[in-house]
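Okay, structure first, notes after.
Labels A, B and C are assigned to the chains in the order they are written; within every chain, residues are numbered from 1.
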Amino acid sequence: MIFAILQRIGQMVFVMAGISMLVFLIFFGTPGVDPAARIAGRNASPEVLEAVRISFGFDQPFYVQYLTMMKKIFITGDLTSFVNRGWKVVPAVLDTIPVTLSLVIGAAVLWVVFSIIIGVLAAAYRDTWIDKLLMILGLIGISMPVYWLGEVMNLITQSRFHDTWMFSWVPPLGYKPFSEDPKGWFLTLIIPWFTLSILYIGLYGRILRASITEALQEDYIRTARAKGLSETRILLRHALRTSLISFVTLFGLDFGALVGGSALLTEVVFGLQGVGKLTFDALQNLDLPVIMTTVLYASFFVVLANAIVDVVYILLDPRVRTQ
Amino acid sequence: MRRDRTALVALAVFLAVVVACLMAPVYAYWAGVQPFKSTLDAVITINGEQRPVMELPTTGLALGYTPIGPTWELGNYFLGADNQGRDVMARLLYGGMNSILIAAAATTFTLTFATAFGLAAGFFGGVVDMVLSRILDVLWAFPVYLLAISLSIVLITQGITIGPFVIDSGSLWLPIFIIGLIYIPYVARPIRGQVMSLRNSDFVMAAIGLGAPPSRILLKDILPNISTTLIVFVPIMMALNMLTESALSFLSIGVQPPDASWGTIIQDGQGLLYTRPVVALAPGIMIVISVLSLNVFGDGLRDALDPKSKIKLGRAS
Amino acid sequence: MILQVRDLAISFRTERGIVRVLDGVNFDVDQGELLGIVGESGSGKTVTVLAVMGLITDPNAIIEGSIKYKGLELVGMKQREMRHLRGSQIAMIFQDPMTALTPVYTIGWQIAEQILTHQKVSRKQAWFQAIDLLEEVGIPKPSEAVHRYPHQLSGGMRQRAVIAMALTCNPTLLVADEPTTALDVTVQAQILDLLRNLQNKHGSSIIFITHDLGVMAELADRVMVMYAGRIVERADKTALFADPRHPYTLALLDSIPPLDGPRPDRLRSIAGSPPSLLILPKGCAFAPRCPQRLSICDDAKPPLIGGAHAAACILPSAQ
C-alpha cells in the first residue's frame, strides 16, 4: 500500500518535472526561436536585444536558468515578472485561483446534474424520439465553439435582450469575489457556468447513455428484473451505478484540465481574470516566469486530478478495491 | 439503415460547405470585392441608392464609423462589411477554405505520426514503448490548449526551422503543425493498445514464428487491422481540429491577418458584436454546421465500421 | 396446479422476417413437482421459462397463448403487476453465476434489496434474513459472506448466493436455467444436492432446464424434451428413460456413455445439426436427422399425443 502511494507520488513528480522542462524547452530550446527577440518586440535593434538578453539572464546556460526559476518558484517564492518588474508571480497566480475555481466548480455541478439527467432519460427511452432529440442536442453542444457561444450569450444577455425582463438581472461582465458580494458573485457567474458546461453536458450525456445502454444488456440486469425490482430502480441503482465508474474517471480528468487553465476561452470572453486568462496574457507578453508558474500549477492540477480519479475509482469499483 | 442515411446526409452537408468555400475566389471575382484589403471608402448601391460601406451612425453619439449591415443581396455585401470595409461574405468563404484546409492537413499529420508512434510502441514494446509512452504521458498531462497556445506564441513571431524545413511565421503550415502535434497522444494511445493486442494474437505470433521480418508484419498484418480505427478517427479529428483552429485564430495566434479563417472573423466581429452581430454570428454558425455534420457522420461511420469502438468524441474547450 | 401453459408460441420480428422460436407448447407444473426441460441450445428451453417469468422485454417479441399461474393469466399481464409476482412467488436462478450478480454491491446488499422490495421489513431485519439465507444454502461464515462482493466468491459460492437470493421470499415456483452448467463437476453435484434438499424442505415447484440427461435422471419428477421450439416428448422420468418414444429422445439417450457394462467403441452422436429457425421444414423438424424417417414425415408436423407419456412422432412405436 505504502509502496503504491510512493509510486504514485513518484509518477506525479516525474510528469510535473517533464512538463516544466517541456515548457522551458518550448520557449528556450525551439530551433530558431530567441526569447529575447520576442520580449524586445519586432524590429528591435541588436543593442536592445543584447541588453534584454543580459538583463533577463538569457546569456546563462539552459540548465542554470531552469534551476534558478524552479528555485524561485518552489523555495523562495519570490519569482518576479519580466514584463512588470517587481511584480511577484506566485501571489499573483494564487489570486486568480478563486476565480477559476468558482467558474469551474459551478459549471461542473451543472454538467454532472444535467448530463446524468440526459443520459438516464435517453437510455430509459432509447430509440424513441426523446432519445434521438437529446442525443442530437448533445451533439450540437459538442459542436459549438465555446468562445462563440459565450459571445452569443453576451449578445443576448448584455445587449439585445438586456432591457427585457428576461435578462435585466444580468450584471456587467467581470468577477465579484464571493466574500464581498455573494449575490453578485452568483449572478455574474450564471451565464459563464452555462456556457462552459454545455459542451460537457452534451459529451457526458452521450457517453452516459452509451454506457447505461451497454450495462442494460448485462446478465445482472436480468437478475435484477427477475428479483421483481422496478424499472426505475434497475436503471438507477444497477445500470447507472455501474456506468458511473467510467463517468467519474472522465470527470476527474476534465475537471483537472479546466481548473488547470483550459477554461481560458470562457474566461477571456466573460472578462474573468482567472488562471487561464493570466496564462494567456503572460504568453502574449512572453512573461516567462508567469508562464512557468501557471503551467506548473496547471500540470499540478491535472496530475492531482489523475491521482484523485484513481482513488475514487477504487472506491467506486470493488473489483479494483479488494484485489 | 436509417442511421446510415443520416450519416450520408451529414456527409453531403459537409461536402456542400467544402464546395461553397472552394468557390470563394469565384465569388470574390463575381462580386468584384477584395477580401484581403481595407476598402474603407468603397461605395455600394442598394435599391438604386448609393451608400458608403462605412457609415456614420444616424442615431446616438455618432462616434466613428459603423460598417454597413447585411444587404441580403448575393454578391453585394450580402452579410455587410467588417470594420475595414471588407465584404464579410467573401471573407467567410475564404476563411472557411482555410479552416477546412488546416483541419484536413492537421488530421493527416496527426494520424500519420500517431500511427508511427503507436506501431513502434505497441509492436516493439520494451524500451521503445517505455520512452514513447512516457513522452505521450507528459504531452497528455498538459492541457491541450495551453500546449497549443504556448507553441503558437513562440512560433508565430519567427516561424520555425527544423532541419531543411522552414515554416514562415505567417504561414498556414504553422497552425497545421501545432494542431497536428498536440493531438498525437489522443490517437496514438488507442492505436498502441490495439497494436499490442494484435502483436500477441495468434496470426501475428505465427508470422513471427515463420520468420517474417518486422516491417512485413507491420505492413501486411497489423496496419490493415488498425485501418478501421484510423478511418473512424478521420471525421472525429477533423471536427476537433476545426474547433481548435478556430479557437487559436480567435485568440489571434492561429491564422494571421490579412488571411482569414472562421476564428479570425469571429474575432473581427467581437468589436462589432453589439452593432453588427452578423460578423461574429455567421462564421460561428458555419463552424457549428461543419463540426456537427462531421460529428454525425463520424458517429454513423463508427457504428458501421467498428460498433464496439471505445473512441469517444474529443473535447475542445 | 401451479402452472398451466397452453399453446404458447413466441416469435421475434427480425430483419429477415418473423422467426418463430416457440410453437404449440403445452405443459403443467404441479405443486412440489420438479419438471425437467431437456434440449439443445436454440430448442426453446430458455425462452419458455423467460416467458413464464415475464422477462421477454424485447419490443419485437410476439407472445401468443396462455400461461396461467394459480389461475392468473401471465401473458399480457402488466409489468407492474408481474413485478409483484416476480422475485416473491416466482423466482429464477441463472446459468452463469459469474455475471448474474451486480459487481458493485455486496451479496448481502443484493439479497436484502430483494427482501425489501417484496416484504415490509426493516433494513436490519432484511440484512439478518440475508445472513440466514446464506447459511441455509451452505455458505460458510454467512455473517462475513454478506459483506463480500461477487468477485470475491468462487463460482460455486456465487451460485449458492444466487440461489439464496431466489429463495428470499419462499417462492412457490422456482425456475432454474442450467444452474450447474458453468460450474466444476464436483461443485455441480453439491448444487444439485442443495436444490433437492431445498425442494424437500420448502415444497416449492421447480422447472429445471439442462442439456444434461444425467442430471435429469437424478433430479426430475417429469421430463419434457424440446427440439426446434416444440415439445417432442413429455413423460414421467422413469417412463422416459425406460421407454423413450421419440427418435430424438432415443438418440439423446444413446449419446450418453453407459456407467456400467462394456464401454462402446465409440459414442453414437446425432448426425447433422439442428435446423435454422428461419427456415424450418414444413414437416417434422427432426426428420432430416431422423434414422427412422418416412416420406410422410415431411408433410405435416406431428402433434404431441399420448396422455401421460406423450410424443410428437407418427411412428407406431411412438404411440
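Throughout what follows, a contact is a pair of C-beta atoms (placed from the backbone, for glycine too) under 8 Å apart; a residue touches a chain by one contact, two chains touch by 3 or more.
Just so it is clear, the structure is predicted and the values come from calculations on it, not from any experiment.
With centres taken as mean C-alpha coordinates, the chain found closest to the middle of all protein C-alpha atoms is A. Set against the C-alpha centre of subunit C, every other chain centre is closer than that of B. Subunit A and subunit C have Cα centroids separated by 54 Å. Look at where the CA atoms of subunit A average out and do the same for subunit B: the two points lie 22 Å apart. Here the spacing of subunit B and subunit C, counted between their Cα centres, is 58 Å.
Residues 218-220, 222-231, 233, 237-238, 241-242, 245, 316-319, 322 of subunit A are the ones that touch subunit C when the two sit in their complex.
Residues of subunit B touching subunit A in their complex: 134, 137-139, 141-146, 149-151, 153-155, 157-162, 239, 243, 246-247, 250-251, 263, 266, 269-270, 273-274, 277, 280-281, 283-284, 287-288, 291-292, 295-296, 299, 312-313, 315-317. Of all the residues in subunit C, the ones that touch subunit A in their complex are 53, 55, 57, 79, 83-88, 91-92, 94, 96, 99-106, 113-114, 117-118, 149, 151-152, 162, 165-166. Interface residues of subunit A, counted against subunit B in their complex, comprise 14-15, 18-19, 22-23, 26-27, 30-34, 37-38, 42, 136, 139-140, 142-149, 151-152, 154-155, 158-160, 196, 199-200, 203, 206-207, 254, 257-258, 260-266, 268, 279-280, 283-284, 286, 291, 295, 298-299, 302-303, 306.
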